[in-house]
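Take this structure, written in structure tokens, and hold onto it; I'll ask about it next.
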């Protein structure tokens, strides 16, 4: 199967890029929680297309309709379903991709898996557009976490090899282009502009931190915080790598260097460093839970590319028309927060049982 | 909860480092499959302790007893449970760790999570020893995959910053110290020996490739191959990062570089390069599925470390006695194969429904 | 949580009686299956309200909108979501029930469980109206089963103590009032009419048979056919009992009487009798799978009833206004078929893995 | 798959009648709970064979070994696995049943499902012996429920058509032959003795009540208390029917009769009657949760029976040798309590999240 996540809350995402609507159902939300609809709307706007020079010009209102699960704006305990109508669809753009799949896309794998019955228009269910319902669900969970003193922040750590400098803080996360060092941010934007000018695209890395976590969230083995977060973050299209704390850098460290020494601050146990990214044995240790995800460059590019005509089995040159982001990293930032929020909220509910 | 994985096969791992036994139950195996017990034993031996200079001297036979699910050595369709008795336990080694947790271990987080009721001896359920039942389950799945023409190979990609050179092939995977370039292997072993001499430890990276996969395994969103593999691989203690194909390197690439062009070989669609690691949209594309996992240095080291006495809330110096691997990377190699085998076999069964 | 069912297909039902819409998401459907929309509409019409003298006069078109998962009327492999708008809502009818719960309804239990945040209008998520999306999902599964030679039929076995006579056959199931003996049917209708005249309601029993099943569906223990069917059938509001084959009658039988002797017909193994209802050890034996479900009388009645004012904690007399079925048994018949279809189709997909 | 149950605790049962051992793994138990091993042993003894005249003479110690999940007799948060060795196996008894399946047993369906690879000895995984691990898990849950003021009691409601008289109370449940009216109990025992003398067997009905439940356990739709209980109770071999409260009797009632009027006692809301069996809309209402399960007569009988030789496809007369209960109802009583305890405890943990 496919498009569900969670054990204590459960989200199910439905829709295709060009279907009548896309949406999400969220089961297991506590009743009586008011959803701040304006805050949710602001959160959704961070991933909406057409906002600025470095994203696709496809514009959509992306106002979710809540069809169930709330009375007014308060959760009622029943499954919450929110939906966004697809108003601005241009199916004609994709007609030639049925038989000549786009490199880097799911066109070919979907064609084989679904025996040609897949909805190919706009990438169908594999479209990045499906992160909109993810953000609805995640935006709600983020609000619920904030009520428990848990905050999720993030930044663009790099784009096209240009790295941000400095430490992620809450004030960074509020920026329109969330980097610590704005000069780095300008260099990243230039990198995107160059790629766009070349009919090309660039990737990047996004860093997320979850602050204010209690000690003890997460479970051993396959329900550890890393597992829980990984199994939702890899559901965001284009993610190809994920690391927690010092991540791949630990592979070159010695134990004496990587181990975070325990100490006491303000009467509480904490660690001097945070190579572990706030997770020991899959369980939160009270330090910030940090992870970084590698996002590949948008596969849809203007440049001609080599592909194969699946009918004739001849190699062909493919030209992709249509509107595409030269870099999806900025729009993927709230998606990472959404994914983290859902995973953490699910783990929080798990812990309440104990 | 904790210690189960899978949708079409389901494994549940039980046991603590010093409990009477550790084991695994595997549901959903097809009936009538002969398990090659000798091949399984050889596979388990690859992760067994006490084999050589760079692993812990704790020696255990690690012969699994099959208590259910087979008639002779043939699966019968009922849940298969295999168990390993813990014969060589030395609980006394760990008595001082109850109140002064080891940095880098789950001692502290388990203490808080389980309110002091956890089995602290030897790391309890968080011990690396629990990868033995994972390898039993994975070794069985590996055999079943081989019958469908799917092979899983792996190598040590780096240890302590020393990187292997060359391309992973099946012959590499069969080596006692699985690296392509044996000179690199010697350098890695020296690196381990130095760490051991210093009472320290080192980490590394393991690379895995799954060969012979059909096109179409994996599902969209949260059941993609990356998600499925991630949610089991992060269950292996000490894994802090995971990347597929070119992984974090894609973040610095352009789309025209990262996209794998389609071509035709031997009448079949394939790609010229494999930056995608054999996965597009979460679904296998017929190329080798490749991933790399970062393994942190063993947290148990001989050097004195700073910790906190949880009773007095005073900072203390901790000296860990007992037997520990200066580098668990070599023994983690078959664990990665086991994890991959279980995830891939689960996805394969999923696909058979369709 | 709540409103999801299934392992190989997964349905999630959302909506409340008076929310903007109700609907269902169905994951795991095979791609490329054409849905016969007219046949589905005919099936849905069997449970729609306002059709005749013995159901509520609330009339709704109940035309589902397919918002995802299909291209035209063919499944595309993505989650299928279908929705029905709630057009004919009269929230005012229910205003007095918030503080004085209706006997036999979920008003009181929902009030306590959701701390007063539940959507009380029209029964909210507990309304029988939520069986409409169940019937959408079940109607689709029924079509898919028919393509595999599996047919689901049903009848009203009794209403208000009046029992149907004779054996259930396919032709019975097609009747507008599905009983074998139409004279019994008339007696049942009279029974309903009398209850209505008294401002009261009556219950009944529905019998279902699944024909054409292969041997081998269902799994041991908690995934047997009885378990699978029970866990969905008890999701239909008002069901208070469920029995398979000879059901409760077996309790008074001897083994020699209840055991179905094996024999051979047309070269195939079958049984002389079918006390087992086609299930041995949780697994289909090729005989018709039969079950019967007890449906309680509609709890909403016109007669004054004793309840408690939850604010004053005083006993009060409650008068329920609004439109209600004097007997929901006829409308529950297709719901039982839908539930059976979903459970059986899920088990069929499970078996395809093996 | 098969042999797992639960969402918040999860039990997995393994073993076959004649495998080296049978057992159960229980995940999700809270840490720090002391298991009263003597009380557990007393509970297990209630279902053990060989206790009296009306059960099989196969005698087994049935002392569970706790191989994981406890430190001493206190839960430690890791999966708890308990095992019972199969010491008294006589595989020879069953050799002729491979090709000539026993009527009423899973021999034939297992043979087809598992293509002849099933463990046929003693019924394999389908044996009633697998209720021993169910009782281990249930016995533990029962103890945990008692600490929360929730008590589970039961009685034999009928055997072979002989019905008990009077109301189930806690004192009944403690009897060696748990009926209210001991004269009825004597008649039941006679009924069993007659069946045994005839080489035959009899079935019966078991009634269970759960006392002391809070209002609000259970969830709407497919996670209602009826669904949760049904999906475990039908996992007990031989159960063919299940009803809650007044069950099938409600089908002949009018709403005014079946609706339980609310009233106030000791300052708490309750109902005057309990036709609903303590469940409204799937959710507990604070009244005793009551259900009754129909248990078929033991299919293994001494009388010759007609079966089919699966090799020759000829009808044959089958004579079953071996030791069998003429009536399993008395031994099934604690199994019902165990099933109820697990289902209720799982629902209780669910509620703690909210």
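Chains here go by letter, A, B, C and D, matching the order in which they are written, and residues are numbered from 1 within each.
Rule of thumb we're sticking to: a residue touches a chain if its C-beta (ideal position, glycine included) is under 8 Å from a C-beta of that chain, and two chains touch if they have at least 3 such contacts.
Fair warning: this is a prediction, and the values are worked out from it, not measured in the lab.
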Winner on C-beta contact pairs when A-C is weighed against B-C: A-C
Remotest chain, subunit A as reference, centres from CA atoms: D
Between subunit A and subunit C, centroid-to-centroid distance (C-alpha), Å: 39
Euclidean distance of C-alpha centroids - subunit A vs subunit B, Å: 26
Chain centre separation in whole Å, for subunit C relative to subunit B (CA means): 46
Per-residue multi-chain contacts in subunit B, two or more chains: 1-4, 7-8, 13, 28, 31, 78, 110, 113, 125, 220, 350, 354
Residues of subunit D that touch subunit C when the two form their complex: 1-5, 7, 13, 101, 103-106, 108-110, 112-113, 125-126, 130, 158-161, 195, 198, 200-205, 215-216, 218-224, 226-228, 230-232, 234-235, 237, 239-264, 267, 269, 271-272, 275-277, 280-285, 294-301, 303, 305-308, 310, 313-315, 350, 354
Subunit B contact footprint on subunit C (complex, rising order): 7-8, 28, 30-31, 78, 220, 349-350, 352-354
Complex contact set, residues of subunit D against subunit B: 1-4, 8-10, 12-16, 19-23, 25, 27-28, 31-32, 65-69, 71, 74-81, 83, 110, 113-119, 124-125
